[in-house]
Structures are given as C-alpha cells and as structure tokens.
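Handing you this structure, nothing more for now.
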Amino acid sequence: MTRTEPVNEPQVAVEDFRTLGRRLSNWGRWGEQDERGTVNLITGERLAAAAQLVRRGRVFPLGIPLDENGPQSGMRGNPIHLMSETGAEQVFPGGFRYADDYIFMPLQSSSQWDALAHVYYDDRMYNGFPAGDTTVKGAVRCSIDKQAAGIAGRGVLLDIAALKGVDWLEAGTVITPEDLDAACQAQGVTVLPGDILLFRTGWRRKFVQEGDAAAFMAGEPGLGQRCCEWLHERDVAAVGSDNWAIEVLPGESPDALLTVHMVLIRDMGMSLCEILDLDELAEDCHTDGCWEFLFVAPPLPISRAVGSPVNPLAIK
Amino acid sequence: MTRTEPVNEPQVAVEDFRTLGRRLSNWGRWGEQDERGTVNLITGERLAAAAQLVRRGRVFPLGIPLDENGPQSGMRGNPIHLMSETGAEQVFPGGFRYADDYIFMPLQSSSQWDALAHVYYDDRMYNGFPAGDTTVKGAVRCSIDKQAAGIAGRGVLLDIAALKGVDWLEAGTVITPEDLDAACQAQGVTVLPGDILLFRTGWRRKFVQEGDAAAFMAGEPGLGQRCCEWLHERDVAAVGSDNWAIEVLPGESPDALLTVHMVLIRDMGMSLCEILDLDELAEDCHTDGCWEFLFVAPPLPISRAVGSPVNPLAIK
Amino acid sequence: MTRTEPVNEPQVAVEDFRTLGRRLSNWGRWGEQDERGTVNLITGERLAAAAQLVRRGRVFPLGIPLDENGPQSGMRGNPIHLMSETGAEQVFPGGFRYADDYIFMPLQSSSQWDALAHVYYDDRMYNGFPAGDTTVKGAVRCSIDKQAAGIAGRGVLLDIAALKGVDWLEAGTVITPEDLDAACQAQGVTVLPGDILLFRTGWRRKFVQEGDAAAFMAGEPGLGQRCCEWLHERDVAAVGSDNWAIEVLPGESPDALLTVHMVLIRDMGMSLCEILDLDELAEDCHTDGCWEFLFVAPPLPISRAVGSPVNPLAIK
Amino acid sequence: MTRTEPVNEPQVAVEDFRTLGRRLSNWGRWGEQDERGTVNLITGERLAAAAQLVRRGRVFPLGIPLDENGPQSGMRGNPIHLMSETGAEQVFPGGFRYADDYIFMPLQSSSQWDALAHVYYDDRMYNGFPAGDTTVKGAVRCSIDKQAAGIAGRGVLLDIAALKGVDWLEAGTVITPEDLDAACQAQGVTVLPGDILLFRTGWRRKFVQEGDAAAFMAGEPGLGQRCCEWLHERDVAAVGSDNWAIEVLPGESPDALLTVHMVLIRDMGMSLCEILDLDELAEDCHTDGCWEFLFVAPPLPISRAVGSPVNPLAIK
C-alpha cells in the first residue's frame, strides 16, 4: 500500500473562525438591543410543547456536586463551602437553633451557564456590544441575569460516547456534524428549532472514575468547528455537555484558541452549559428509547455576572 | 357593651409548638432514612400533571437579583460579586478573550431554599437525625444536595395582600388558615396534595419601593402557627413566599422564636423557599385568573450545605 | 460693626488642591521609577535612631480587632472569619488534631495601609504612573507589596483630642497646622524628617463607646488641607490616625472630595495608615510624657493590592 | 569494619511524644489563664535589648508574596486577591478616583503565625484549655488575637543549609540538636532566653527555583523531635523557618503525625512562624557575620482565629 497520509489528517483545513462567525452571525436577528441570543428561539409555543413531553414525572438533576472534590485544577478553584453556624453554639428562646453557611466560588467552577458576555474577540461581544462595557464592576451587557427567565425548553440528548461504543472519548477527539447526524439517526430523534441540545462524551464519567482534575482540564473531546453550522442550521437554542468547554481541546486550529466558543457565543449568541453529569439521564434514555424531555436550567440572576452555577433538571 | 379587651388579643393562646410538632410530625413517614420530607409528596404522576398546566409557555423567574442592593442587613450580608478577568488584560491566540468572576455569599442571602438541616430543636433535626451530625464540615444529614432532583411540581399562588386589599401587609400581621381558605375561594383555586404553595404578602414590593433593608429584616407579615396544620392536612410539599422567613415576625409566642420554622422544617420536613419576587407572576394570575402553574426550583447541589440560592421558575 | 457672619466661616478660601499638589509634589524626587514615596525618607540612620527609643520594651498594638463588630458600614463590609476545621471531626495518627480557618475581607476594612495606588486624579497616580496600569488584575505600580520592607521608623503621637480637652472631636472638625504645632508644644515633642506621625482625634473611642458604625463612617474629624504643607515641610514619612480617612469629612472644598488624600497620596507619595486604636498608647504617653517610640507596621505583601490590613506596633 | 547498619538508622527510638510533652510542659508556668505561652519569655528588658541590635537600620521583610503563585497545593489554596474598583468606572467631585480590593484566603496559606489554638491532642490545648472551646465560631482560648502585642524580640538566624553546604536540605532530613549547636558555633552566635529562633533549610529557595507547590507540601526538612528539648532548655520564645511546618516530614514516628507541633504548641505553648523567606537575610548575615537582629512580626488581631498571615521584619 502506498498510502502515506495519516488517517486523521484533515482533508480540508479548518475554516477561519472569523469567516465562519460572519456567515453564522445572529447579530441584529432579535433586535439591536437583544442580549439573550438563541434563547429567543424558545418561543412560548415551543416551551409549552416541551412541557407536554413529561410523562412519568421523573427528574434527572444534571448538576455536579459543588464541593472540594470538583474537577477544577489550575486557573479556577473548586467551590469552597464554609459553615458560619451549626446551631450548637447558641440557642434561642423556646429552643430554636439554626445552622448557616457561606460559599466562595468562581462562577464557572461547577455545572454552569456561560453568559454571552463571557467570551469575545475583536473588541465586540455578541450583537456588537463593545467589549469595553465589561469592567471590574462586571458586564453591563449580556450578563447572566439577562437570562433569568430561562433557560427552559425541549432538551435532546445525543450520546456520542455510546455511538462510538466507548466509555468516553479521548481528549482531542473531534465530534463532527456527521457524528451528530449519526447519533440522531441511531437514537431515532430529531433536533428541532428552539431545542437545547445536550451531548454526552463520557468525559464526566472518566473524571468520576479516575478522580484526576488535572487530566479533566488538560483537554477534552468536544464539538469541532463545523458543528457550529450544524447547530445554526437547526436553530438550536442552547448547547450543553459533560465536558468543560463544549468544544474539542486541543482545538482544530493551530493558531487560534477556543474558536467554537467564539463563534457560538460571540457570533451566534448561543448559551453554553458546561460540566454536566449526563450519565443517569443517558442510562434512562437508553432504557426507554426516549431522548427528548423538558429541560429547565434557571441561572442565578447575579447582576452583571458572566456566568452562573446551575443545576439543570431534565424531566421525563 | 362592657367589653374592654383589645380586639387583637388572641382568644385562644397559641399552642405549644412542641405539642403541635408532635401532632403534625412526619418522622418515619417516608422511611427512617428519609432526608427529603414533604417533597416526597410530589409523585411522578403529580409532577407529570403539573407539566400539563403549561399552556402559553410563559416563564416567570421568581429569584431576586443577587447583588449589593439585596435585602440583607445584619447577620447576613448580600452576595459579593467580583470580577477576576474582563478580557481587556490578556488576549489568546487568534484573538480569544474572556471575562470571569467570583461570588462570595451567605447561602441564605438571596432567594433561597432552606435545607431540612437548617433549623432544629431539642437536639434532633427532621426525621430524628441527631443535630450533632452537623459540624464545621457541614450537614451529614438533610443537607440541600439531598434535594438535588427537585423541587419541581404544581405551584399555586395565593395573593394574601390582594385579598386584604393592600400593597403589603405590615410586619407582625398573622396570616391565618382562614386567610388561606379565603384566598383559595376568592381566586377559585384548590390546593392539592404535592403542591408547592406560594403566598404573597407584598413584603418584597415594600422593599423594592422603599429600599430599606433594615426594615425588611426587622419583622414581616407571614404565616401564623395554625397554618402548619392547614398545610399538613392538605399534604403541601413545600411553601414559598416573598418575605424572608415564611412566618410572621415578631411571632405569636412570647417565649419562643420562629416556631413555624421549627414545626414545618423539623417536625414536618417541609422545605421553605424564601425572599421570592412574586409580583410579576401575581399580576399575570390576576389577569388570566389562573393561579396554578408548573414550578421548577432546583437548588444547587452544594455538598453538606444547609441552604442554596435558587431562581425558581413559574411556567404557565 | 454689626457683622453677623459665623465665626467658623473660612476667611481665606481653601486652595485649589491641584495647585497645592503641584507645589508639594514629590514626583521624581526619589527617581522616576520610585513606587515608595515618602517612606524613602526613613533612612537607615533614622530607623536605627528610632530603635534606640525603645527603653521599657513595652509594646502597644494599634490594630483594631478584625471581626464582625468592626466599624464598616456601607461600601465595605467588615472582615468575615470562617472556620474550616475545629479538630473535632478528624483525628490523625498519634492523636494529632488541628483547627483551621479562612478570612474574606475588603483590604481596607480594618486598620490598614493605603497603597500609593489607592487613589489618584487626572489619569496619573503617584510619580506620574498612568492610572490605567491598575486593572481588574490589580495595580502594576505602587501596589502595597512595594512597601513590604516597611513601614518602620520613629513614631510620634499628637493627641489632638486631649489638646482640645474633649473625648473626641466631632465630625467635620478641621485639624489645622496650628493645632499640630500647639500639640507639639503642649507635649514637648518635635516632629523630625522621616517620622511617622500619628494623630489622635478620639474618633475610635467614640465608636467603641457608641458602637455606631454608620456614624463612624458618615464623617469624621481630621486633617484640613493646609496640613499637607505642614507635613511636607517637615518631611514626614507617613501619617496615621484613629479615624478612617486621615482627613476631615465633610471636607473643606464644596466641590472636591477627599482632597487631602489626593495631595498626600498622589502628589506627595505619602502612605496613610487608617482606623488605628491609639487610646492605650496615648494614655501611656500622657503618663510618662514621652510621645516618641519605635513604630513598626509591615503590610502584608499582597501582590498588586491597593491596601493591606496591618497591626502596627508602637514600642517604647 | 564490619558494621552493616545504615548510618541513618536511629540508635535510640524516638521518645513517645506524650512523655516528652509532659516533661517539657509549660502549663501553668505563666498562670492558669495564660494564653500566650513562651512569648511571655520576651520581657520588656529583653525586647529593649533587642532594639539596641539595630545598627544600620536595614530592614529584611521575611513574608512571601500573597498571590496565586504561592506554595499551597491540596488542603489549602493560595490567597485569592480580587479588585472591586480600579477607579476607571467612577469619578467623584473634583476628580477623585480610587481603587479597592478584597482578599479571600486560608489564614495559614502564606507566611503565618500558628495560634496556640491551632493544634492539640487528647482533648486539651495549651495550658489545659478544653479543645471543645474551639467551635465553628472560632477559638475562645489561645486565638491569634491574644498575641496582638507581639511578637517582637531578639531574632537569631541559624542557617542549617549553609552548615551542611547545600542549597537546600532534602525532604525528610532531620535537623538535630547537634545541628543547632554546630550552627551556633559556626556562626558565632548564642541563643538566649526570650529569643525568636529562625532556622533556614533552603526549602523556600527550592520552591522559588522549581516552582513546584506539590513538592513543597509533600514533605520537608525540619526539626526532629529532640529539638523540642533544646528549645525548652534555652527558653526560646518562638521559632520560625522557611519550611511550612517547622518539623521534619515525613516525621520520625511511624505511628504519630506532627509530633513536634504537638509538643511545641500544645505542651510548651510555643508560637510557630512558617513559610518565611530567609534568603536575603541569610545572605546579609553571611556578609556581616552578625546573626542577631530585632525581629518584629505582629499578627493581625483576627478575633477567634487560629492563625494569621504575617510579614515579619528583621531589622539590623
């Protein structure tokens, strides 16, 4: 055999992300003052239809525990929970006692929504708002509290790890549009406009099994850049995963970092939900063959914040 | 008439809360190891029925903003949000920039769920677990992460302020079972087993109008002790309000503090959701005459915590 | 003459602070790259002489307690101290147990040094460094860690409250150069080049007696603007007080805020030490008639910080 | 010679730490209510004599930088410094602007004093106070604020790394009383009652060169258990080092952890000062041959805390 090309060499170089971003841009689509982006695609009608998907009334919480054993390593630390009262030290009239506590945490250290103000390039964030609007006082535009009324709608889970027949995809594994299509077909589910798309890579399972935070953060399997277009074509409202950045890391571009973040958040205005635990939900979907559900994930309305911890519920 | 007694003097002294607590106790009702209490009343069937209430797909977020302008004064401070990155200081290959942030907060400083471990008396918390299980390391039993899969179900709003024809009830105003019945009748709604009952006192509106945190915390209108029995008889799953302690303050007992907390949380195992903003929801309910909705309020699964901030969604 | 003007009307309008700042400017005095300002005036010789002042070896700690009962009210909160371990929950081989704890605090919420980067005007901080050097990542120039080797030297206490025969001066009371001279004369002490000048207003005593944080922060007695020149003429190295801003509040200028801060810190490069407890030291000085001592107040070398808590020691 | 025993095998098994602790106990020595321990040995006379050691007025700050690059790894994190204002966002009348900031940190994450309440065994802390006095609300007894007036006195540096002719001692290297004596002799210095003894192992230099926090915390060279007696015999007032636990790790006892901590802090009441940077001071001492100096290290008087960050000054 004379073939000399490595099988994993890209046949077509990855598109320049700025070009892609311009092509997929949603700037102005929901008005010049819009700060919610693709969440606008979740119309009342679509949300009402999603609620009808609830049949058994079983709830799957997708948020990971917030504690010192989380996956953070390096630039962000795990949440720090500290008690201020246990009740042992003081008793009130009649016998009343109470415990109380505090948390200190990076807002993106656990299961979390990225605000649309979280990332940007070329001095503009989503919808053209100037990046300079975000200062030490927080984000004036596109902060997470602008999404307070959401994010609820029809959720669809695609189990890419199962599609590939592995416990987890390895770091650097690019998920392609063809993978997403194949998962839809294998699972018998269709992604509709206004959906919240969840995809499972097994990256959380790997962390739970191995407990290696540095490995969890060092890279990950995730969406390749071409998936941006796939999501755009289908008018997906939001995307979530069990990895920490949605996109593959190391990325496809030798000279640009986190290009999927830049296109999805900054150009398309798409909210990302990261570090989810999709294992129990996936198991149930494999059992009953139903991969759609009501998804409800309200961020905390932290004023001017660029992210929020969240405990999304999938309700079937 | 020779009557000289003040009209507001209680004709029947308030019952001893320990006696009341024993009568309404749910200890053991869902097993000796149960840590979820009345939330168990939200069966799958009931939750599925609640989802069917969603017709317009309109979402009402009930969480107040988390920022320095919150209602805390005194023992707890408001959430402190601090930026760690704005994106201005560093640019990554390709032009990627990101903003990032932190929060430091008492877990009960904004809209919040009380964990069942939050209050207790006589060395026992809900279901008889020893109070000593809660230490500087947090609560081993009945912590908020035990409610991670909730709290979602049928929500019903009772607008007591509207019933009384006032913008807000004054601090110290006791809401009685008769008031709850009257509100149900006036609104044409029935409270069913497994419901999350929200009642509106106007106390949040008062704070929004006046901006006086010290006044907000100094007292409040709220449930009188007899309402515990009313909630118990109807198998209510959880209760929420726009005040900060559910119950009336100053309380009805001259010699016991927060007796409604003690009976509801410790004896009945009922979760409380406090400091909600019910104004927009109430306005909508007055308009369409529909006081029931899907209520979804997932706490953050903070390990061993005794409370969690939450942004509950009412979906109609 | 029937003149009815109030006696406290200024006969000469307060000088424009920019004019004053230019006249007293120390920019360039210790080199173009200097970030320490007047602390440079504490030469080795002067410090060695100050050490010789120690005779009895009695130490007066001047830092106030860091806890929830501090004087903060409003823009900054008091330090929050939380335990993470008490030792009760875990025992190590041999029986070893340990307690551990955390602090969360504004760096200027207790007794503290202002970094020279703390205040500025007209886009320049001390020595002409661009204000823009301070970002969300902290201060590149004139941060508190640049003073790590200090601040130690000869301290002199002037008890202005005693001079005026009051427990404390009222808020808004302007301390004048004449007051400083009178105190020096009454106490029989001379302020020398390189000294750390402490002046006592009684404002801390008022807070201790009354416990009113809002009143403590609402205003204060303090240095009038003309004292800047007095300090400059004497080559004072640093100034400290028992109030929270060194200078009188409300200030003397109807149209400018905190002008003494601007001139002392930004133009002269003088470090300010605020919210000290000078009561025990003053009492001792009244007793022994000795108002000079070794003063040692090392800030924590927090990288890029604009202030640091400190517990200065006066050693006699 | 046929000797086959490894040279480093202990000829005499390490003494049971409880036996040692009883023999060296200072309980009751300064009264039954004493909470300061060996710091009491720094009499006024001794402190006054120490001040006379200052000749050149040169200051050596011994505190390490408080920032994200510190040596913490694992159970404690490094200090987190966050800006709340840079001055860019708001201007006050006249042009005044200010920057402000916060810190969140474990109190023992940087250069720090251990409070006498920090460690204990057998339910008693120093001077017999019950360990149960320390709760979620902090330490009632022997907290760090009880040392507010200190810790200042004569400091003596012993450079053990230099004595051994190495850049740094390796982890697990036991420093013996004989080493301390040899260093005293080599340096020509005598340790006197009331001294603060600093010893240099090079462990900080290793961290600075290699930047490996996990390695820094994984073990260390330090005092062996027999040094407790050496310190006791000489009435040393406090001990400090450039490692993080004073004592050798792994320790000498196969079945007991941190026995030197237990004997020094709990039985002798000796304050420990850890994670110092002694390199510049050592260099100067090698140059001038003078190993004694005025040492001033005031802890922050954090109420009920079991430790405090500190920036000790050595003044020569």
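Just so it is clear, A, B, C and D label the chains in written order, and each chain counts residues from 1 on its own.
Assume a residue touches a chain if its C-beta (ideal position, glycine included) is under 8 Å from a C-beta of that chain, and two chains touch if they have at least 3 such contacts.
Predicted model, so just to flag it, every value in this text is computed and none were measured.
Asks: Which chains, if any, touch chain B and chain C both?
Replies: Intersection of chain B and chain C contact lists gives A, D.
Asks: Contact counts by the stated rule: is the higher one at A-D or A-C?
Replies: A-D
Asks: Between chain C and chain D, what distance separates the C-alpha centroids? Give it in angstrom.
Replies: From the centre of chain C to the centre of chain D is 29 Å.
Asks: I'd like to verify one number: the distance from the centre of chain A to the centre of chain D, where each centre is the average of its C-alpha atoms, in whole angstrom.
Replies: 46
Asks: How many angstrom lie between the centres of chain A and chain C, each centre taken as the mean Cα position?
Replies: 48
Asks: Residues of chain B touching 2+ other chains?
Replies: Residues 80, 83-84, 86, 88, 102, 104, 135-137.
Asks: In their shared complex, at which residues does chain B touch chain A?
Replies: Residues 17, 42-61, 63-67, 76, 79, 81, 83-84, 86-88, 92-108, 110, 117-122, 131-132, 134-139, 145, 148-150, 152, 253, 255-259, 261-262, 294, 296-307, 309-313, 315.
Asks: List the residues on chain C that touch chain A in their complex, please.
Replies: 80, 82-84, 102, 104, 135-136
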